[in-house]
Each structure stands twice: as C-alpha cells, then as structure tokens.
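What follows is a pair of complexes built around chain A, which joins chain B in one and chain C in the other.
Coming up: the complex of A and B.
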C-alpha cells in the first residue's frame, strides 16, 4: 500500500485509475447486465429467420424484392404470415415458373425444414396468420354436415359441390381439392392465395373452417363411397352429357346396324 | 343474230330419244332383287344352331331376372363394394342394374337374332291405296253438304246466325277470367327486398352481425339481413332477393365515385343475384375484383360500380349503401334499383 501511496502523485496515476475504473465497470456490466442480445442470436427462432432470409434471397427475392416488399413482378409479403408461405411453397406453387394470376400446383422443391425457415422469415416481416396446428384442421369434433352446408354457401361456386374444381375467367381456374393436405386447405381459407378470396376468422370461424375441411375429407377420401359409381370426374352435366352422347348413342347406333345388317347368304347346292 | 342462236340449248333431244330413254332412265323402279337363301334356310343343322342360340339368350334373361330378385332380397342397401373401373359403389345398385340390364338386353337380342336367322326374310311389296276419293264419293259429299246447308236455313234466318256468332265469341272469355286464378299478381315483390335503413348485415356462415374489422381486403363474405332465419317459412324466397356479398377493396382502387360513397372504408356490399337470369354469383377473383356468373359467364367489375364487362347480363350489379352504427355494419337505405333479372315493367 505504501508503494502505491507513494506513487499517487505520479503523472500517470490518473490514467491508471481511469483505466482501472473502466475495466471494472465494463467487467461488472458484462457479468450482471441482462444478456438478451448476445443470447438471442442462438435461439431456434432467430436462426430459422436467418436461414429463411438466405433461402428467400435465392428463391424469392427476384420477384418479391430483397426485403419481401414486393416488385412489379410479385406482391409484397409483409403481413401475409407464415400460413401463406406454408401453403404456397408447401404445395409447390411458389417459386412460380412465371408471374401470373394462375399459379398451378407442382412438385415441391423445398423440404419441410426449409419451408419452416422461409415461413419464419416472412412472418417476421409483419403480423399475419400463422401455420395452423393439427388440432385446428383435424376431423375430430367437426360437424361434416354443417361443413357441407358452409362449403356449398362459400366455396362451391368455384370449386364445385364436392371440390372437383372449375373454370374462371380468362383461362384461370379453381383447382381441384381432391388429394390436398387438410392443412393446406385450412391455410388457403386463411390467406386467400392468388385470386381466391380469403375467409378470415371474421368470415368463417375456426370451427367453420374445421367443419369444411372435414367435409372435404369425407367426400374426397380414398374410401369415399360413390353409390352410383362412374362419377366421370364428378363435374356434372358436361362430362355426363358427353359420355351419354358418345357411348349411349354409340351403343344405340351399333345395335341399329346389327338389326338392319344383311345376313350371310348361301347358294342352294 | 347468229351468236344468240349458238347460245340456245340444242333441240336435238325430243325426236329420237324415246326408245333409248326408257332403258336409260336413272329413276326407273329396279324392282326387288331376287331372293337369296340364308344358311339356315337350306341347312337344318344351322337352323337348329340358331334356335339354340336364341333359346340360350332367353334362358340367360330368365336367370338374370331370378338373380335380380335374389340380389334385391339378399344385398343390404348400405353395402359398399369395390368394383374395378367404378370404384367404391353400392353393391345393391350395381347388382340390380347389371341383372336387369342383362335380362332386358337378352330378350331383345334373342328376338333380333330369331328374326335375322329363322323368320322368313323374303321381301314383300305392299302397294298403297290412292289417297284421293273417287269422283262418285266426292260428288255425293258435296251434294249432302249443300242439302244440309239449305235445310238448316242458316243463310235465311239471320237472327239465329248472328246470335250464334255472338255466343261463340263470348264463351272463351270465361277461360280468360279463369287465368286470373293462376296466382296473385306480383305486386311490388320484384322491386323490394328485406333491406332498408338500419337493418344490420349478418354473416350467413356464423349467423353473427358483421363488424367492419371482420372483413379484410381480399376476403369474401356472404350476408343476409338481420331477422331473416334459415327456418323461416319464406326463407328461400327472401334470400333469393336479399343475399349480399361483401368484399373490401382498397379505397384508392375503387373507380366509381358512387360506389366509394356507398362503401364503408372500402367495404362494398353487392347483390349476389345475377342481373341476367338470377343465378347466385360469387365466383369472386380477389386480384381483379371480377365476379363471374357460372350460368352464362356474365362478368361484373366490383371495383367499378358492378359494371358488366362480359356476358349477357343487361345491367350492372345493384350495390347496397352501407354504413356503420355502434360498431356494426348496417344498410343505409334500400337497394336503389330492383335486384336480380329484368322484368317487363322494370324500365
């Protein structure tokens, strides 16, 4: 202490004290301060956003802009939510082959983990519907009959009575709902992909949506019975009429030819 | 002079064509071809074979009828079976259709085969009678008519004739009066709907009154007037006029000034009934704001006052003036024009 005390008037003493004080303050801060920022970068969520951002820059940014703000080729993704990404990318619609109103379903090129990362990134751009969990779209506790009624009121005008799809204007069409993942049906109602209007919770309650998904599962499942058989695509009078004209009239013509045909003749020997 | 003569048709034909003409006439009746025999006509074994085939077809028909009755009795009505090209079908439907079809077809096929192979196939011409009556009959009918007219004194007693014309002219009026009973006159039903000032808009799916925040841009909601319930006696007739579709369009994207004035912050309410023949239209494309009618492809632009942009519809889709009171959407007035298809007195 004496040594220290003896040098207290040394010209550099003030500097040493200052450095010491700074080091202590910094050390104490590092030890006790809330360490949010430093740790946050390691959570799964922010890692997913980071990875999603990289995937987005490669696969999506050319149309939707580097920050998802949209360009003349693609709409803004701010506020579309994770559900929209899960639907569009999960069904292979995005990345689209070309911009346009009708983006058909195709083979999905991202795996589930990548889709989740992209969804996490887009969800971070603005609040929007999140990906529904299984309880929301499973058929447990759903009223299939009510679902059919809701489907005919809200969906059948475009998608046909049992979801076989139908034509719209200028070459656009409502796709078939046969073989579509219940999750994707739920997400489509939430987000309104492409030209489909959305059916938010104010329009169709979550229970309504669950009923509709259950109805589609019941009418389009693998084991769904069709008592009459020969649905011919379930599209109604167009295919049925065509079938009737070709095969029904065709059979009548064949029988008429048989009735009136010349019989084989023989020479009397 | 000589040129015009050259252009005239040659006059050679008449003199010496008479003899050749008859043989060369392409329209002469060729008569029936000579009859040829079938195998069955000359070979008794072939005839027997045909007989057996016909009998076999009738027998198959009998068996199919028995099978029809058996499957009607035996197969439960809700039995679902898998049959290859048809999928999961009702076993009863399939069995009944197949057996009845076979039973009927075999009767017909047996009869046709019988006629083709065993019944006589010699063609016989049977000439028609002339349609015209003979001169004697004609003369008698005309004489009878003249005598009857004279004896009835129709031409002489003008009072009888005129009163008879009067009676015959009046009698159909009773039928015209009966037409009145075909139904009450439509009164003003075609011009009015259940919407009037202060009626709340109720979501047809959830049956709850709608608030502006329920309706997002790009969404589609169907609404009915408050107080109209699905089990009401007259529900079907009323919803056929009252059905609304609600969409929200960014106000800067609404081109029609009146549409903007009748909307609430971009929420517009349009009649769901097509103005062509009254189909419910709701094939709404949220990016183009076009609504397509599935019946005859009439297309309306909801961002431009419901204007017809394609198809046979005669006038724009009627818009309902809406407003907000106590946080709920409600009608600000009735429809300004009749909804649905045109009618004579619509103007």
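Coming up: the complex of A and C.
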C-alpha cells in the first residue's frame, strides 16, 4: 500500500491515469456505440465508409487530418454529418484550394457515388444531420407564400430579397442562390456553412425548410418569369439608377443631339 | 391679322369659320397681342440647352402616369391577406397600400407598364435635372440676371428628391419600408426634438397607421403642386430673360441667335416631347423597376441586404453608411453622431452648389448681365469647383452602394468604406487641382491654335530636308470663339497705406475677397489671350510654318 501511495506522486502518474481512463471510455464506446450501429449496418454501408475513408485520405486528410479530427488548415469534421459533406463537396467548395476570405463555390470534382462515400465516412465519425431525401426538399406540399415570409425573416438580410446575394464584412459574402440545387439549399440550412448560421430543425422545422426551398424555386429558379421585363440583376435601386442614367438619360441626350443637329446647319451646306 | 381687317372682311362676306372662332376668343382673352410678342421669341440651338426640356417632359410624363396610378392605389395601412393573382404572395398579410400595388401590377390593365413608366421617368427626371444643373453651372448660365432662376431650379431638384422619396415609399414594400425606417432613425437622431418629431410625423410608434396616407398627400398633392408652380415660374423666367447662347460670330450679349419659338422651335420641342416619352416607354416596357412582388411587404422585423434608395437619395445613404457609428451617452440621453453628422452634411453639400453663383459674383465683383455663356476652360476655378463637387457627390453614391461594389468586384466592403471616407475629403481637392490644370492646358492650346493655326496632319518636307507639319490658319469665326472671352484683372487691395501714410484698415472680408479673386484671375490661373500684336506678328508671313 505504501508503495502505491508513494508512486502517486510520480511525475508520470497523471499520464498513466489518463491512458487508463481513455482506454476505459474507448472500450465502453467500442462496446456500446458500434453495437448500435452494427444492427443497422449492412455490408454496403461499411463498404461505402471504407471507400470514403480512402477518398478522404487522398483528398481531404491534408487539411482535416487523417481521422477527420482537424488540423490547423481545416476544422474537425467529427459530428458535421453527411449533409455537410454532401453540401461542401457537392457545391465544389471542398476540397478547398487557395486561402481567401471565404471558400468559394466551384466545379465539383467528385461524382455522386464518391460524394456519398465521403459523406458516409464523415457521418461515421460522429452523429450529425444526414442528407435529406427528395421528399423533404421537393416543392410538393410546400407553401410558397409562407416560404417567402420565412426567407425574408431569416435569410434576406444576407442573401437579398430573392436570394441574389449580398456582401458581408471583409470580403466575405452570402452568395447568390440562383441555380443552387434544392438539396443544397436544404443542406445549407441544416449545416450553416462557413459564415452562415445553421438553422436546425428547432429553428426552422422541416416543413419551414421545404417552404423556403420552394419559394426560392419560384422566385429565383430557371423558370421564374420576370413580369416587369429585364431584371437588371434583381439588385434594386443601384442597378436601376445606373440603367436609368445610361440608357434613360443617355438615350434622351442622344435624341437631343440628333434633334439639335437637324436645323439650318444642315441647310447651310 | 389685326382686328380692323377682320372687321372689313366681315362686311363683305363671312370670314372663315376658324378665323371667326379665333377672333371671338381673342376679343375676350387678348391672346393675340400676347402671342405676337412672344411667338417670335428666339431660342438658340444646342443639344445641351435641351436637357431642361428632358426634365420638363419627364415631369409631364410623371404627372400623366401618376394620375392613372392614383385611380387604383389605396394609401392605407390597414392589414389584409393577399389572395390576388401573384401566387408566391398568397396568404401573406400586408397593408392595403402594398396589396393595391400588387393589383396595379398584375390585375389593372396596363398597370404594370404605367407603374414602370412612372418610376423610370422619375429616375430620368432627377438625372436630367442634375445634368441640366451641371450644364447651367459649367457654362456660367447662372450669372446675372439668372441667379433667381438658378435658385428656382435648385429648389426643383431638392423637391424632386423628396417627391421621389415619398413616392418610392408608398407601396409599403420591404425595400421602401426600410427607407422609411431610415428616415425615422434620422428624425430620432435630431437632438432634443427628435422623439417628439417622430411621434408627430408617424402619429405614434413606428410604423403606425399614418405615415403612408401622409406620404401620399405629400407625394401627389403638396410637393407636385409646389413644383408645378416653381416650374412655371422657372420657364417664365427663361422666357423673360431669353436664353443664353454660346459664343460665336454675330452672337453678342445683346442679341439671341436661333430659331423663332413658332413654328420652328415649337415643332422641334413637340417632337422632342414624343421622343422622350418614347425612350422612357421603351425602357419601361423592357426593363423591370422596383419589382415589389419580389421584394415583399414591409414588416419591421424583416430587412434585406442591398437595401438602397433610388439613386438621387443614394448620396444620403452613402453618408450614413460610411460614417463611423459614434455616439455620446450622458444623463440618459444619447447623441447619435453616426446619423446626426450625415444629416448635417447632406444639406451642406447641396447648399454648397446652390449658393455658388452668389459667392462667385461677390468674389468677381461682377454686377453686369451675362447672356453669352462661358466655355468651361476659360473659368478654371469655377470648373474645378464644379468637378470637385461632382466627385464628392459621386464618391458618396459609391458609398451608398458599397455592398454591391464589394460583391461584384470581389472587394472587401470595409476597404470600400475606408476608400470612400478618404476620397470624400481628398478626392474633391485632387479633382479641383487636376481640373484647373486641364483647363489651363486647354487655354494654352487655344492660344496656340489662334497663333499658329490648326494642325492639318499634312507633313511637308522642306528643300533642306526638314520635315514640318502644315498648320492651317483658323477662320474668322473660329478665331472669334477662341478669343472673345474676357480676362479681367484680379481685385487689388490698393496700397497698404493711404495718401497720408496711415495704414489702411482692411476688413477681413476684403482680404479674403482679394485672395479668392486671385484664384480666378491671378497669374497662375489664366493663360493670357494672344494680343492683336502677337497675332499680327506671327501671321504676318515670316517665321510662319
């Protein structure tokens, strides 16, 4: 007994205790958590995780760490969920390239199957929002009017009335939502990429999200009609003012020059 | 035709019907003698003299379309739920003002087109006024006897801004509602009276139920009424003073060379009206403006990015956007400098241009009438001031749209804000100096042209091998244009001491005036015109190349 209490003061004692504690929690976690999963697990799923892990090691680990635990170049992905990966990789944001104010959207370099595998792998690191299915983000059963109201309350302050985008501080910006896949709109709300807040189901219910997606489809989709003619970017009075000056007043001045030139001067020659 | 001849023709037989009607009217209204003296008024021809007309015609278009809109617009803030034909708004609660704007856009025949013509015409109206004002400014058309008319014009511009602002607020959409909220903030930022004034204007807490009906009255009755009166006065004065003209052969301070009002000028003006109407209608037919259905109804708890006013208020928006949000708190009161300073600077900038003519005439000590316009280069100080003013104005417009410049040119909004803060002070100074230099350069070139003729582009080789460019002498008219302007001496303060050797007491204003006068006519600020001797010497033959 005496021996043990003497060793308690040993400089390495804390480390031993820590290792022991880790082993115990790890063991317990291994005993319970995967057991839960194992039930739902089918071979396809674990195959996807395995493939995803390989892809991750090649394309993502340099920044996010080999186990997705994060490095100084990229945040931890534990618990971000499949939806975050599907959004980030599906919109081409990940893998990130040069550093800047904000990782921009670009051409996506993975195919759908690979994205699913990456998502499955990251989802296996910790629980998080899963990729929504089509019924969740399709316009069926959505209330567009309500969606508009919700959009103006929650999103317009950054993304503009109909999602044409807007500036944030120091070069950051809320991008235009034109041509963004409905699934990605839904996922953006679930996961809150970069400077965007996330809107969990407690803040915006799944029905609310559906309404918002449907509203954007109606006012900022490819089939959106602009009843008034050219939209001029849908950015409001600044572009209207420019257009009014250049084409409105510009044309009037051109006409004035033409009218003024049509007089005796013409006869004189 | 005079009355006597009409009388004799009636005895012999009936005069033509039209003539009889005209005669009847003239007997009672005295139109003929009025018309006789005025129909032959002369208007000089220059496109820049038609900018005022563009403003006039767009104003007429605004009134015509505005009347149509009032037939369908309900200036009420009572809440309703929308069930009209624009599906994405179904079931949304909104004010009647907003609902009726949606109805005008989607359910009233021609409503959307008329709305768009009305709004586009308003933008063109203000733009035309601004450019017209600049034309008057840079050519010195504001000099005696036209100072009062300059003020009438300036008032029209300012009232136009507020008419536009109140009109833009009427639909009660999220964009304009944000603007009204901005105005509320401006009112609240006024020390001491702010909160009382806010309660008075809004009839209670923001937004209340009164502001739209009140804006409606102001927008359709009060301001347009005053503007109409001012506009008529403005035109009467243009008529009465007669129009100015650019320098040219045969044009003097005592005549006007141009077309008679009737029939030539009237025909042109009438045609020009339809052309302006056409241009604005085409724009309204192809380009959307203020799509309230996409913007949504106003709710105080909502706001959108990119919330800007129409361009003519963008300058005020810029001032507020770039002003640091300083405030003082003491004894439970707040003074909000972030808003208070911009609302003080806003009128100052406008007044600076309005009072310029009076300052100039005081500095120059010039009390004569001027009917011949200045070429801007010949008055470098005025031209420099005008450009400096424009730079300050447009820098603030950039500030008002800082978010859009940021997103569209991939810049940081913070850098743009800093750029605007600095450029507002530095830009006008640089612009003033640069413009003055350019004006002097142009004066020098004019002098060169007078003395050595115009570069013809023909290269000649002389017998001894030298290449020279052949210069063509200017004709008499061109020479006149380049040399007709006056170059007075700067104001002198006179000797320091009077005839008795006593130091003269000079008022500070006198010294200031002498200094400013040097700014206009001092050695560094004019290129002396070629004298007759110089001209004769050079053109006499020898040494001419």
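By definition in this document, the second predicted complex is superposed on the first by the 216 of 269 C-alpha atoms of A that agree within 3 Å, B and C clash if a C-alpha of one lies under 4 Å from a C-alpha of the other, contacts with A are read in each partner's own complex, and residues count from 1 in each chain.
Criterion: a contact is a pair of C-beta atoms (placed from the backbone, for glycine too) under 8 Å apart; a residue touches a chain by one contact, two chains touch by 3 or more.
Computed from a predicted model, the values in this text were never measured in an experiment.
Put chain B and chain C onto chain A via the superposition and say whether they clash or fit.
After superposition on chain A, chain B vs chain C: clash.
A:117 in the overlay: touching chain B, chain C, both, or neither? Say first, second, both or neither.
Touch status of A:117: no partner.
According to the stated criteria, A:190 is in contact with first (chain B), second (chain C), both, or neither; which is it?
It touches nothing on chain B or chain C.
With both complexes superposed on chain A, which partner does A:236 reach: first (chain B), second (chain C), both or neither?
The answer is second: A:236 touches chain C but not chain B.
Would you sort A:259 into first (chain B), second (chain C), both or neither based on which partner it touches?
both
Which one hits more chain A residues, chain B or chain C?
Of chain B and chain C, the partner in contact with more residues of chain A is C.
After lining up the shared chain so the two structures overlap, which partner does A:101 touch, if you call chain B first and chain C second: first, second, both or neither?
both
Touching A:166 in the superposition: chain B (first), chain C (second), both, neither?
In the superposition, A:166 contacts both chain B and chain C.
Is A:88 touching the first partner chain B, the second partner chain C, both, or neither of them?
It touches nothing on chain B or chain C.
Which of the two partners, first being chain B and second being chain C, lies in contact with A:157: first, second, both, or neither?
both
For A:228 in the superposed arrangement: first (chain B), second (chain C), both or neither?
In the superposed model, A:228 contacts both chain B and chain C.
Can you tell me which of the listed chain B stretches (57-65, 309-317 or 327-335) runs into chain C once everything is aligned on A?
Clashes occur only in 309-317.
Where on chain A do chain B and chain C both make contact?
Comparing the two interfaces on chain A, one with chain B and one with chain C, the shared residues are 101, 153, 157-158, 166, 168-169, 174, 226-231, 259, 263-264.
Okay, in this complex, where on chain C does chain A touch?
For this pair, the touching residues of chain C are 45-51, 53-54, 58, 82, 87-92, 105-106, 112, 116, 120, 123-124, 127-128, 131, 174-175, 259, 264, 268, 271-272, 275-276, 279-280, 283-291, 293-296, 299, 301-311, 314, 400-404, 406-407, 410-414.
Provide the residue numbers of chain B that touch chain A in the complex, in ascending order.
For chain B paired with chain A, touching residues are 36-39, 41-43, 80, 83, 85-90, 93-94, 112, 116-117, 121, 203-206, 210-211, 213-216, 218-222, 247, 280-288, 290, 292, 294, 297, 299, 310.
In their shared complex, at which residues does chain A touch chain C?
101, 143-146, 148-149, 152-153, 156-162, 164-171, 173-174, 215, 218-219, 226-232, 234-245, 247-249, 251-253, 255-257, 259-261, 263-264
Once bound in the complex, which stretches of chain A touch chain B?
101, 150, 153-154, 157-158, 166, 168-169, 172, 174, 192, 194-200, 202-205, 208, 223-231, 258-259, 263-269
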